[in-house]
């Protein structure tokens, strides 16, 4: 057992939770796409990464205002999501493996494309909100706090959208049963397109925020994808609320276990936790009964 | 299947194997022998993935289990001093044990979540290799991993494992043995039950088939051979180093999966052919190393749209196309 | 004599919705029990719970004196309870006889090693199994089509094949989920005589969920009626068809005229 000061621990927890929220955006988008299209969108991490690189290109190289750049990036990535769904996933609908392989191909293509185009060296975006503020007795970068705030706000917006708007309700129905959205007068094709657009927008936002807080590199998408998947399996598969819970759990693991027990334990902990949860409840914490 | 087709299949496989045995006589080049060695290891990996796939499940943890097998075998050889044959076997057994233990909670979930869980598992193994420096050496890794000890057949000869040719034959023999075992499993009673689970699992359960048990068995056997392949890799390369970007992790898992789909899941030899072509082909284009992944990614997408059943199904498709042309 | 199957306070909730609530029912050895009710009454849910495909939220299932409430599907099959599914659940891309061969799984008597090594003992056992499968196919009248692909069969034949597969199990209790739905009059008649023969010749007890009223009334010894997950009537066909609660439950619901 190591002597960890309370301050360091608290700092670490807050940091873990803040970064965790950005990964929650990844998880929510991925989970939404998975529930509606039944496709594991492996290129989702690259959408996140491209979201960051577009903001880098616009704000650092072209000098556009950071927040404007985010809006443009998110819009572009939502369009990319629509294109991917229309031309790569929709024609293959029905089977399990082919869309997954296409997504893998896209992932390899996009990741290596950016590597060739921008190089593997990390890039950085100047902080959009310099300085630190005090939260819960510990100092945290303003940009990190803002990023967490934006992520939480987006998550809340997503939940509101799903509960209140017509399209949102259709999405909720479609996630339980493929054709259910037809009852609302909306076909499954449009549901898939909507899920991809919303999911990709969330991913791009996450990527842009992460790129601004830390650094960008062509491999950041893979890291984020894994984190997103861990969150999904921690919180229960098929549940968006579970995604939030999973993100909090992962944030805490990265904050507490990493600092106290080291990186090996922090890597193994999520997996062990998932295995234990699944033994007790095969659907995961908040998952649906199959 | 007609007996003529069966005969053709049998002869092509046998001639292919004979070619593999006499290849080193023509290939004096150490570089290509090395590539063929890696190809052999990839063939074991892809066949173990295919075995797991027999029950309809897709494991994305191949890279991680390979790492587990590789480090286990290397550490047992270097720290405990066991001989290669024993360490390789123990590596396989450990991987199988881990798979069986994880299989119980993981395989009760819907298919795609099993894939996610195995992906996460593979990544965790990679991260352990990366972070657990005192055990694995982290990014520096383990070097000087010994090869197999000489085998003495009394009165005939002593087989030494020094040159690339020796290792080539070692991998060839182990690969053939592994493929033989996996092939027999697939074509026997067990394989038949696996295919019922893959086709219509709730019907299989309703006639008394313990679906979970059979799935875990497939996962366990597949992981055993993945571990064997990892051990072979460690002793072949004599060096193991954890990688930040995902070799031994998601990247390997993805590539092996693509080899399988490219080759074609329909027949046992499909994934083998896929691994063979896709391991060797990039080596012929070494000059464009930087652009390789870009081309590879594009290739993968094209395959799914134009040859979804894989290379192995091409002869049948060409025959079908020819037959249609004749009748039209 | 003790009933072969007892449902005691059997209940299933999906979220807040009670699909089946406190169902108490006894099935007697050798009878054909009909389970009817309007759509959504919970009939298939009951079947799924008996077959082990769903966990009851509450209640017990006693089969031949044994508590089988939480057994998984393959253990239920081992106990001797067979089922056919609502839609034509088969190995569609396999031959008819291969489908029945799967049903013989529990009686295959081939040990792993012989099978793996391909010993002649294993091959001989396989031949015997295929003979048994042929016998079952003759019983249901599908022997001529034994090498055809399941997917190429007309609907009525597919239904008969489903029956053949589960018969290979040598069940003592059969759960039939809509065995004659979608069939023409001739196919219905054939299937019904098959079910009757199962009871008369092999002593198999049957629980039949059906919408086809003529079939149910003509074949079943007793009928239980469900509505909104609760049992509203039980008795002989004559008693049930005259029951006002039953008639009201079906009022306004389009009946299957076939």
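Should a chain be cited, it is by its letter among A, B and C, assigned in written order, with residues numbered from 1 in that chain.
What we mean here is this: a residue touches a chain if its C-beta (ideal position, glycine included) is under 8 Å from a C-beta of that chain, and two chains touch if they have at least 3 such contacts.
Because the structure is predicted, anything quoted here is derived from the model rather than measured.
Chemist: Edges wherever two chains touch, nodes for the chains themselves; is that graph a line, a ring, a star, complete, or other here?
Modeler: line
Chemist: By count of C-beta pairs in contact, what is the leading chain pair?
Modeler: Maximum number of inter-chain contact pairs occurs for A-B.
Chemist: As a quick test, compute the distance in whole Å between the mean CA positions of chain A and chain C.
Modeler: Roughly 46 Å separates the two chain centres.
Chemist: Just the number, please: Cα centre separation of chain A and chain B in whole Å.
Modeler: Comparing mean C-alpha positions, chain B is 31 Å from chain A.
Chemist: Taking the touch rule as given, give the residues of chain C at its contact with chain B in the complex, in rising order.
Modeler: Residue list for chain C touching chain B: 51, 53, 72-74, 77-78, 82-83, 85, 89-94, 102-103, 105-106, 108, 110, 112, 115-118, 122, 165-166, 168-169.
Chemist: If we count contacts the way the header does, which residues on chain B are in touch with chain A in the complex?
Modeler: Listed in rising order, the residues are 58, 102, 104-106, 108-113, 115-117, 119-121, 123-124, 127-128, 131-132, 245-246, 250, 254, 257-258, 261, 290-294, 296-301, 303-305, 308.
Chemist: Spell out the residues on chain A that touch chain B in their complex, using ranges where they run on.
Modeler: 34, 38, 40, 42, 88, 91-92, 96-98, 100-102, 104-113, 115-116, 219, 222, 226, 229-230, 232-233, 237, 262-264, 267-268, 270-271, 274-276, 278-279, 282-284, 290
Chemist: Residue numbers of chain B touching chain C in their complex, please.
Modeler: Going by the criterion above, the answer is residues 184-185, 188-190, 193, 196, 199-200, 202-211.
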